[in-house]
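Since the structure comes first, as structure tokens, the remarks are kept for the end.
As written, the chains take the letters A, B, C, D, E and F, and residue 1 is the first residue of each chain.
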């Protein structure tokens, strides 16, 4: 199985532990981005993952390659050039203090890249699945077009296409997103997201649910998925379901709607180390599961367990392996020491 | 609005995370002290804050100035000289292990300072509010006298005066505290503290309350505040209310008694990063709120929300801004990531 | 009172906080091992503790001596020589992600040591108690024999002998353990362990209990202890009782069965910093309590409170002192700051 | 004395010690920029320094203010807004491995700022000296114009104007620099730089000198300064003189040409901790010395001693105080411990 | 060009900076080994490098793969299994204090590996060069045989074979080394080493040289190389030449003897960050140069410049790129900042 | 052999590497003091060392005991009580920037201790040597008297007494020092110091020497030692001889004058990691050598080699062992890696 993902990877900078930004003189430096996170998840589970992006031809671009390659992601299709690598700053919240993210991603190499930077024919040779998120087309007009081009190429080669909505209000307005994303949905087989993204981008709203209370309405999610499926003809729709008790404790679950059936995973009450990248870890695990032909119920349980564990991992990448996920799926939440 | 605070600032040394003192070879170094913490809070909210103290004329004194000035606190009235900067060591507790504080503050520059070190006339020009805590007069006989002198000067210039009881058994006995503090209460408009301090210093005791169980009696606090108001003629009395479940989890609330009315803030169940300085953050936010003419209910809610957030911040200073506090006051405890 | 413990001490390597192994470029280095942990606990409480082991004659062996000696453990009986110091890697879990331990302890100096390396006559002069765990005889045939020799020498000198079962499936099979341990039980006065170890080694199983649910059956533990006492003629049997909610939250208690009576300590719900070494801290505190002639009920309460606190301490050694334990035994779980 | 400087301040990120970029997972974060460095030097010596810039209205901009304010620099004239703070990455060299700097400064708040962002009238009230470097006009067309506007305003208010050439080939071509800088020289009283900058920007070349060999020709520098003075009518020209033996060892001196006299400071052979910002520390100290009416010989000796010491300081800012500089000027290079 | 190297890779642990082992509670963790270091150098220069080894199937083995793969080394031929990864501890010297290395490498996965673990046919397909060092056959009898098997396979496929003598007295005696290595020399085209290794293993001794004085006799090295070439029929012999002034300052050069001509590189006086791995960086660069058909003089200059720079890099791997080496070869030792 | 030393031990705080004080938010914490440093050196060489002091009965005092005990120093004679542990701050210099030490040692437990705190009879039982430095009597009047009492007790028991002058201008004036120290010299057999101390305390001045130039006059030191010997009747006088090139490079040697003969050690040119404690390491090694009956020439060579190596060790304690010193004495300055 070979999955291709396309998007931006950035330098992520955060103070250690629960310090605030610039409270101490050091920052932890890692690399992350929605589609890169998905690629790392998939490579981590043992499948082939190719990440397509453009990075500057300097020590930052080199470090991106080194990092991804270390995780086993194929970086042979990464274009080099352009001005800069996008950067984002993370200040992790705790208890009643929310996490904060500051983006400094304008004018990045990928945002200013052109169709010529990528050889989609080569990229998709032998590939089975193409994944991107709503962030990629939001980065620039160029990228929206390249996304569409890539989607078309993928479909023409018989790949399955998935998209994580990932609506970012700082990148574009709801109406811009709606317009561009609706067009791209034509190529998409599996839609992944959460209810807020679906509401922001496609105007579908959740009935009978109170997110801030942590109470989730199974029926509401199912209806939402059905609406989207009816509108865009998806093969499946998957939602990660988060109940935010505080910055420290969250409930976490997910739904996969396929063949007019909604499959819900168990709900986990999570103590959080770092929740940035959790949605991507849900997408990555789900794609792996679906591409591995897991039954829908098992697929969503796998995706939720994988992303549940992500919350306990520092930084964006979900470094968790298959065995850990399977043990959790089998119901062992005890956290007993493995010797 | 301009607030003046007067007290000691010390070098705070603590091992990182939840290591014990001297378990590792490094200590985190910051600067803190009850009244300095209050000044930083107020400057942080955008008001003018002047901190009056005395620090030694060496690299430690210079670092104090640099730190406070960075937060926007006016340090032009800081005296320089004397022998040393007080120091305290903090070992943060976790779960059933309590936090521990070791003070090494004797013979500090401020404790041995004299009336000549301060120009109260200049200090109070254009000022609206004067704040000190019970620690300042406890440090030395000199300081008790200087405190009284400063209070008198403040009142004569029409400033509002507030005092945080902050009883420290290692600095003086209850009877010494009672005697000195009672005299100073003559000048105080707003008394701030918690029930243990009020009991230790003024012998008032809380009825119908079991602190260790975390159960708090609203009526008891009101009676206590009334008693104190009757005795000393305060404009208002504010208590922070803590229910200690463990070193990791606390309940936190507060009351402001003014015009014979007790206003209670909502109670927050907090996961704790660092609770040292939380009381000061309550005082600082309350003074800001009162000096900004917030209604009593809003003032105490602001103070409790601000100090609730302080528990999630490393070290003494409450680095939290107005927006974060207001969002929490509006009920958003979800800790959702702000992008 | 003088307690002798005999076993392996290893270099422990773990990433800081909740990072995964080799996620960052640094590892925290400490030294630990079941019987060394027990010796440190006992020295910490002010009693004499002698630790017998063999370490290589290089910078690692020197550091072991320096570390133990610092805690006041008598290292005069430590043999020097052999090839290497055992090593183990710890990755601390969080929430649903379990802690993991990787051992690299084969061919260690102690595992390859011989009877000639130790002078038991000298070791036991003036000693009152001898303690070892099931790890020591599991390390090599030599060590099983040396253990028996030491037990015999201890009994002949009138020492009390205790053993913590500590079954390690990676070191030997259940049947090997059963055979060797059963023989050693002949010399043992106090058996310490948990129900899983007892079940693995002696085939006794707990009735009416569901460990993963955290529900513990008092009666079941008592029956188990009685069975073991009947079989091996122990003076007492002690179990630590753990209910694993997650890698972050555990319930913790313990039972001491002596004179046909089962004494249970209160149960603590613990937030965990580092649980490795908790069982050893239970054993160390229990031995101290019994050797100090605490009544059974007080002894088990002391051991459970001490080991409850260990969960809040970084690394294996329980650095907690008598005062902290006693305060917790008296019921103060509030974690209030001690100034 | 009050000095105003105008320019960009950036987030500086470097790995600790002599690690290469992204070799470890942490970066040291500080803030720096040529003119900010100059302002910090001057504030450090006890004079008034106002730094004019524009920073984004987020946690990065706030941290810039906090840092500069801490050093006593007046930040009341800093504009807030725009997209981003410029960033640069430093990899410190050692021995034969050169230091490397990667800039990521395009589209910074200041580069995209407009004349309206600054109130030069207010900025220059009570000021005595205006300083900028060649980096500021190189950042954007806007800034070149704002620089000229500021120069004109400064001169009209009777301020002395100084400029550090600081040619950056990545920001503009030599011919662009020559054109813009020549125009700005009209307002400049003191030109500061090194021979390479003068050669790059104004095409003057050093005769009889071999920089790579570390041999410096005093006569050549004097001629160069005379040429520049004749062309632009400067009051004075100052060069820092560096002989690069390796990334670890440098020779360092300087010349001040004024009234047709060249004054040379002694040459120091330096072991280097961090040389980034050394040129700015030379400029800052020289401006302080000249504005304090030091005689030319003493002024250049002060500037060279100050910047010699900068090489031993981590990060850009020269944190060295007057006493240390004076002791070095008096000839004490012994580095004996000061107790 | 594709180079295959075969040998052990270990976990390297060292305290940061110039602390002694276990003086602080942290160790820097990296991975290194002579032939792995060579592979990383070659991959770093842009050529294909395959590293063959065996690592345990646990988190340590995974981290080895991740690290090497990050640097672009092909790890597809790494066998997984066995008991453990070898470990070594480094304490870096400074001034008169020498660096110290403690090995803990017995019973490693590779040392206990068998011929079946490697598929040399597959390994050498499309390969041009095979490299190993004297450490590999010294690790175990198995490995000596596997080495010979691999050499034979390499020669039969027409590969060039190189060997770095790397005599380790702790692994085998001189006579054992002489016997085994002499046999392996039959397959070796290029011998790499230093004079001490050649003397230890082959009993050839340097005339007219006093290593401790740092004075090196060019003629002596040439005679030594000729002797070895005459005895074993090498195509070439290369020596790295080190003059040890202290642990902080070394002279460094090298010689390549080929076609009866001795080519010497310039000598560099180096300030040292970390010299472990320098010899491997010499070998790696030399192999790259020779495989790239550099003329002998250029090849040795490249190898010496590359390894000169390695001394300024933390840990074993030479992370330096082609551009840096070429600039140094062109004579720029100035260490000027590259912006 | 058993050596007793008596003096203050303090908490030492310094920023890592070459950062300035409070430039970063962490400080390295260790424990040190002249006589404690001497005791650690002696214990390190394998002899018995007892350190007598008084430390507060809190976590700082406990950590002192743990640290010293770890190094094998007998701490059974350490008194507990008093107010505080002295503290000192170190900022390490580099190149032309001098190291700086800020003391905060007033009112320490030892400074305020009384004769009753020490049992000299017990302290000196079985002891051979008593050592103190000029710091101890300078700390307080009490301590000057206790020192004299201890000296008398030591002499009456037949111990050899040594004193390191260690003049500290911040603790007392030259005339106070002269008066007190002259009286104590009556009991002293070996005087240790440097020429500056001898000049400050006893008014003897070095002829024919220019310390700042690094040129040392052997004859001058001999005359100085003879003068002191004639005046006080010493058995021997030892000087450490330092030539301060810069804060980074020093020359280091020493002289032992005994039986009217001056024995000089070779001079080492040292690159410095941390020179604080170097004088103590000279004294410690000299005492060990003399108490071990080394011939004078060997003794001073041993002391100089030991203290040469100390300059390469972080923090005060000289952690270097006998083997390293002997290798250096034998002339190996090459710093070659020891594997």
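Quick note on the criterion: a residue touches a chain if its C-beta (ideal position, glycine included) is under 8 Å from a C-beta of that chain, and two chains touch if they have at least 3 such contacts.
Since this is a predicted model, take the numbers as computed values, not measurements.
Chemist: Between chain D and chain E, which partner chains are common?
Modeler: Touching chain D as well as chain E, we find A, B, C, F.
Chemist: Among D-F, C-F or B-D, find the interface that matches D-E: by residue number, over half of the contact pairs should be common to both.
Modeler: Repeated interface of D-E: D-F.
Chemist: Decide which interface, B-C or C-D, involves more C-beta pairs in contact, and give its chain pair.
Modeler: Most contacts of the two pairs: B-C.
Chemist: Could you give the separation in Å between the centres of chain C and chain E, each centre being the mean of its C-alpha atoms?
Modeler: Spacing between the chain centres: roughly 44 Å.
Chemist: Roughly how far is chain B from chain E, centre to centre by C-alpha average, rounded to an integer in Å?
Modeler: Their C-alpha centroids are separated by 62 Å.
Chemist: Taking each residue of chain A in turn, which ones touch at least two of the other chains?
Modeler: As it turns out, chain A has residues touching two or more other chains at 16-17, 20, 23, 25, 66, 100.
Chemist: State the interface residues of chain E toward chain D in the complex, per the touch definition above.
Modeler: Chain E reaches chain D through residues 16-17, 268, 270-273, 308-309, 311-315, 319-320, 324, 327-328, 331-339.
Chemist: For chain A, which residues count as touching chain B in their complex?
Modeler: Its residues touching chain B are 17-20, 23, 93-101, 103, 168-170, 212, 244-250, 275-276.
Chemist: Please output the residues of chain D touching chain A within their complex, sorted ascending.
Modeler: 13, 16, 20-22, 25-30, 58-60, 62-63, 66, 83-85, 87, 89, 91, 100, 102, 104, 106-107
Chemist: Taking the touch rule as given, give the residues of chain D at its contact with chain C in the complex, in rising order.
Modeler: Touching chain C: residues 23-25 of chain D.
Chemist: Going by the contact rule set out above, which residues of chain E touch chain A in the complex?
Modeler: 66-67, 69-72
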